[in-house]
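In this document, chain identifiers A, B, C and D correspond to the written order of the chains, with residue numbering beginning at 1 in each.
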Amino acid sequence: MEFQPIIDDIAAVLAAERGAGRVASYIPALARVDPAQFGIALCTGDGRVCAAGDADVPFSIQSISKLFSLALAMRHVGDALWQRIGREPSGNPFNSLVQLEWEQGVPRNPFINAGAIAVADRLVSACPDARATLLAMVGSLCGEAVAFDEEVAASEAATGFRNIALANFMRSFGKIDNDVDTVLDLYFHQCSVAMSCVQLARATAFLCRDGAHPLDGSTVVTERQARRLNALMLTCGTYDAAGEFAFRIGLPCKSGVGGGIVAVVPDRLSLCVWSPGLDQTGNSLLGMRALEMFAARTGLSVF
Amino acid sequence: MEFQPIIDDIAAVLAAERGAGRVASYIPALARVDPAQFGIALCTGDGRVCAAGDADVPFSIQSISKLFSLALAMRHVGDALWQRIGREPSGNPFNSLVQLEWEQGVPRNPFINAGAIAVADRLVSACPDARATLLAMVGSLCGEAVAFDEEVAASEAATGFRNIALANFMRSFGKIDNDVDTVLDLYFHQCSVAMSCVQLARATAFLCRDGAHPLDGSTVVTERQARRLNALMLTCGTYDAAGEFAFRIGLPCKSGVGGGIVAVVPDRLSLCVWSPGLDQTGNSLLGMRALEMFAARTGLSVF
Amino acid sequence: MEFQPIIDDIAAVLAAERGAGRVASYIPALARVDPAQFGIALCTGDGRVCAAGDADVPFSIQSISKLFSLALAMRHVGDALWQRIGREPSGNPFNSLVQLEWEQGVPRNPFINAGAIAVADRLVSACPDARATLLAMVGSLCGEAVAFDEEVAASEAATGFRNIALANFMRSFGKIDNDVDTVLDLYFHQCSVAMSCVQLARATAFLCRDGAHPLDGSTVVTERQARRLNALMLTCGTYDAAGEFAFRIGLPCKSGVGGGIVAVVPDRLSLCVWSPGLDQTGNSLLGMRALEMFAARTGLSVF
Amino acid sequence: MEFQPIIDDIAAVLAAERGAGRVASYIPALARVDPAQFGIALCTGDGRVCAAGDADVPFSIQSISKLFSLALAMRHVGDALWQRIGREPSGNPFNSLVQLEWEQGVPRNPFINAGAIAVADRLVSACPDARATLLAMVGSLCGEAVAFDEEVAASEAATGFRNIALANFMRSFGKIDNDVDTVLDLYFHQCSVAMSCVQLARATAFLCRDGAHPLDGSTVVTERQARRLNALMLTCGTYDAAGEFAFRIGLPCKSGVGGGIVAVVPDRLSLCVWSPGLDQTGNSLLGMRALEMFAARTGLSVF
C-alpha cells in the first residue's frame, strides 16, 4: 500500500480544522504551544518513513513516555513487574485515587498515572541511573539523541500535587520501594521528553516488528512482550477513552496531553499524529480524527 | 491453515485437566452440569466447521447472549443505542452498582449486566415480541432452531436479585423505559438459551465476515458495526479480565458463566470453546487455556 | 419554663416566610400539599401539650415513621437487630447504593432507606401482621387512631424504583429474609401514615420519658433503648445533614420529606414542627429554622 | 455528685483488664509504651479535679490535638473556616481519600485527617508562628507548659505517607493555600504533644464552661462555638465509631491513637481517660469501657 498520498490527504483535509480543541494549560510550557499545528508520520516495519504537516516539530511526549518506561521495565524486571501493577482497564479517570484505595495501592494498569509511577519505582530499583537509561533507550530507538525539557520537568514537579499524592498513597500501602522524590523525579522527567512525529514513529516501530529494534534488529522486548504492549495500549492506552478508540479506530494507541498519539498496526507499521488541541477526554482532537481517517482509508484496523 | 489437527491437539492436551475450576452453582440447572466436559469448534469465514471434544453438547450460553442481543439492538436502534449505554471498560465487577450510581444510571458498556439489561429495554421498545425476535435471529445465524431453557430462565428470575436491583436502579434514573419485569423477562430468557460449541461458532461467524450472515450472506450488521462489536468484545467481553484476555489471547472474546467462550479472528474465523469449570474471574478455566493455546499455535492474535 | 409564648412567637416570626423551600414532588399526593403551612407542637414529659399554627393538620410522616418501626423492632428483636443494620452515620445520600455494596448489604444505620427496609424485613419476620402492629403502636402512642394513606402508599410503590433496587440488592447479599414485595409493602405503607404535629409530639414523647408510654406509663422501649434511639436520631436522623443539625440545633431529630421534623429534649419534652417546603438536603426549611429558634430561646440543646 | 469514688471504682474494676487491646505500632515511640497503663481524670466546670490511676503520666495526644487546633482556627478564622471544611460525619475510614475525591478536596469534617490538615493550613495562613501559638494556647488552658515530642513528630513525618498524600491531594484541588511541607510540619507537631489525663481534663474544661477559659475565665471560644465543638465531637470525634460512642456513651468525645479519649458533659465537667491498647476502630479499649461505666453510674449522658 502507498501511504504517502493517504497521509498527505489526511493532512490536507484536517488543515481546515487546525486549532480545534483545547491546548493543555496546566503548565506554561504546554499552554504556549501554537495550537494550529498538525503533524503525522509513519514508519513501516521495514523502515520506510512517510510524513506530512509539522512532522518534524518536537513536542512534549508526556504520557507517551509511559510506553517506553514500561518497555524498559518489562526488559529489566520481567514478569515480577506484574506483582506491583495490574493489567486491566480502569474505568476511572487517569489520576483517580479511588480505585487505588480499593485495590490497596496496586494500580490497575501501567498507563494510568499511578501505574506509570509504580513502573518508575521499578526502574529506579533496577537501573543505577534510570533517567539516563531511559533517555538512551529512546534515543537509540529513534536513531538520534533526545533530551529532557528541564523547564517542563520543573513545571510538572511544581504543580504535580496529584501525582505526589498518588506516589505517597502507594508508598503508604508499601507498594513503592524507593524514595518518593526520586521516583517522581524520573516520572516528571520522562514526561518532559521532547520528540517529533517522525522520531516517535521510528521509536515505536519495534511494536510492529515483534519487539525487534527498528535500526539494528536487536531485541528491544520479546515478541510476546511486544504483543502484550500492544494489547495494553488497546485496552488502556488512551485515558478513559480506550473503548471509544477501539470502537472508532481499532488500533493500539497511546496518547499524551501534549497532543501526540502513537498507534501501531501490528506486523505492518507504527504511526504518530500530533496536534495540541485536546478533546474533553484529554486526547488530541485532530489526532484522533486523523487516526480514524487512516483506519477507514487503509482498512488497517485489528478488528 | 489446517485447523482440525490444531484443535484435536488442544482437546487432547486438555483432556488431562478436565474438571478443573469451579462450576457455577447459583442455580440448580448450572450446578448439576458434568464438570468433566470440554468442547471446541471453529467456523471459518467461508463456512467450514471443525470441532473436537464435546462440541455438540448444548450448554447454557448465559452472557454470550449479550452479543446477540447487542447485535440485534444495533440493527434496530442504530446509534441512538449509545445514548443509554457507554462503550468503555468498567474496571469494576460485572454486577457492580457503584459505577452505575456515579454515572447516573448509564451503564459503562453493553456487556456488564446493567448494560445488557439496558439493551434488553431497547429491544422491548423496538420489537413487538423481542423474545421471539431474538430467538429467531440466533436460530437463523446457526442454521437450526434454538430454544430457551425455561427451567434456567425461571431459576434466573427467582434468584436474580442483583439484576432486579440493577434494573430498578436504572429505572430510578429514568434510563429504562419499559416495565422492569418485562425487560428482565427478556434478559433472563436470553441468558437461558442452550447451544453447542458448533452452533455458537456458526452463529458468531458474521463477526469474522464483516457482518454478513454466515449462511445466506445477508447483512446481519454493517461492516462498521461488526468491527465495533469485535472492539467491544476485546475491551469489555470477559468480565473484569478483559486486559488479561487481551494480554494472553489477543482476540475479541465473549464469555458466559455456563463455561462457554466465543472468540473472533477478524476476517478469518469464529471459535467457541466450552468447559464448565470457571476461574475466579468467572471465565472458563480450560476455555481460556484452549484459546491461549490456539492463539500461540496459529499466531492468530490481533496484536 | 413557659413554652406556649415561645412557640407562638416562633410561629409569628416564621409567618412571613411561609412557602419558602421546595415541596417534594415525586408523588402527586405530596406535590399538591399547600406549601404555605406551618405547624409546631410540643409535649412535655408530664403530658402537657402546646401548639401553634397548623399543628392539627395531618401530613405524610414519611421517614419519621422510621423512628416508630425501629422502636418496634428494638422491642421485638432486641440486640439481634444489629446483626443486620449498623449504627454509624453514612456520609452518603440517604438512598445511595455505593456504601451498601462496600458493606456487603448491611446498611450503615436504620434511618437511611436501606436500613429502614432492613428494619421492615425484621418486623415482617417478627410480627404476624406487621402493618397492623405498627399502626396499632403509633395509634396507642398518640392516643388516637392513625391510618395509612393508601393513595400515598400506592404512589410510593409505583415510583419507588430506588427502594426496590435497595431491597433486592440487600436480598442478593442474603441480608433480607422475606419476600421483597412484602417487605416493601410494609415500608411504603409506614411512610404513608398521616399525622399532625400534635399527634407526632405526643407519639414521640416516650423518647423524653426514658421509654415510658406517654399515656399509660407502660414500657414502650427500655430506658437504655430510648437513649439509643435519641443517639441514633442525633447522629443519623436528618439525611446527610446530621452534622448541620447537631451544629445548629443540638437536639436529636428525625425528619421526613413530607416536611415534618420531630425533635427530642431528653428528660424534658418532645417537639414536632411541620412545613412542606424543603431545603436542598431534603429537610423542612422552616422546620429547621423553627427548631433553631427554639433551641436558641430555650437554651435546650444537649451540648 | 461525688466523682472521686466513682472514678476510683472504675479504675479498680478495670485494673484486671489492663493491657487489653493493641497498642499503636506504626511509629517506635508509640509502640514502646507500656500497655498496662490506665488513667482517668475529670475537671468540673468550677475547677475541681479528681484523678485515678496513671492520671499524671504524659502520653502522645495525637488526634485529640485536632480539638485544640480547631478551637484555635474557629477563633482566628471564624465562619470562613467552613468554606474549606465540612461538618458532616464521614462514613469512611479516617484517612480515606475516596470521599475527598468525590467532594473535590473539601474534607467532610475537621476531625478526619484531611480535615485536620485543612485546619492546619488555615492556621498557617492566620498565625505568624502557628506551632508556637497552638502550643501556647494548650499550655495556657491546662495551666502549665506543654511541649512537642520531637521524636514523635519526626517519626510521624517519616512514615506519614498517607497524610502527605491527603495534603497534596487537597492542594491539587486548590484547597490548601500554603506550602504542603509547612502545613504538615504543623500537623505532625500538634499530634506529637505529650500531656497527661489531668492536663487534658483541665485543657478541655472550656468545653463544659460555654467556652470560658478554665483558669482566667477569658473567652477561649464563644458559647456558640463551644456548643458546636461539642456537637462535632459527638458526631465525628471518634473515627468511624461515632455512632457507637453516641449509642454506648452518649457524650461528645475525641479520641487519639495514643490511647487517650476526652469527653465532655456540657455545663458539668470534662473528662480524660487513657489506656494505650486500642480496639479495631482505633479507639482506646479500656478508655471506652471507662467512659461507658462513667455514663452508666452517673447518668450523665446527653440523651
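Just so we're on the same page, a residue touches a chain if its C-beta (ideal position, glycine included) is under 8 Å from a C-beta of that chain, and two chains touch if they have at least 3 such contacts.
Treat the numbers as computed from the prediction; the structure is a model and nothing was measured.
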**OP:** Superimpose the Cα atoms of subunit A on the matching ones in subunit B and note the rotation angle, 0 to 180, in steps of 5 degrees.
**Re:** 180
**OP:** Quick one: point me to the chain whose Cα centre is farthest from that of subunit A.
**Re:** C
Original post:
When the centre of a chain is set as the mean of its C-alpha atoms, what distance in Å lies between subunit C and subunit D?
Top reply: 32
Original post:
Roughly how far is subunit A from subunit C, going centre to centre by Cα mean, in whole Å?
Top reply: 55
Original post:
Centre to centre, by mean C-alpha position, how many angstrom separate subunit B and subunit C?
Top reply: 47
Subject >> Junction residues of subunit B, two or more chains touched >> reply: none
**OP:** Examine which chains touch each other and state the graph shape they make (line, ring, star, complete, other).
**Re:** ring
Original post:
What residues on subunit B touch subunit C, complex-wise?
Top reply: 96-98, 100-101, 161-162, 164-169, 171-172, 180
Original post:
For the complex, which residues does subunit D have touching subunit C?
Top reply: 86-92, 99, 108-109, 226-228, 230-232, 234-236, 240-244, 246-247, 250, 252, 266, 301-303
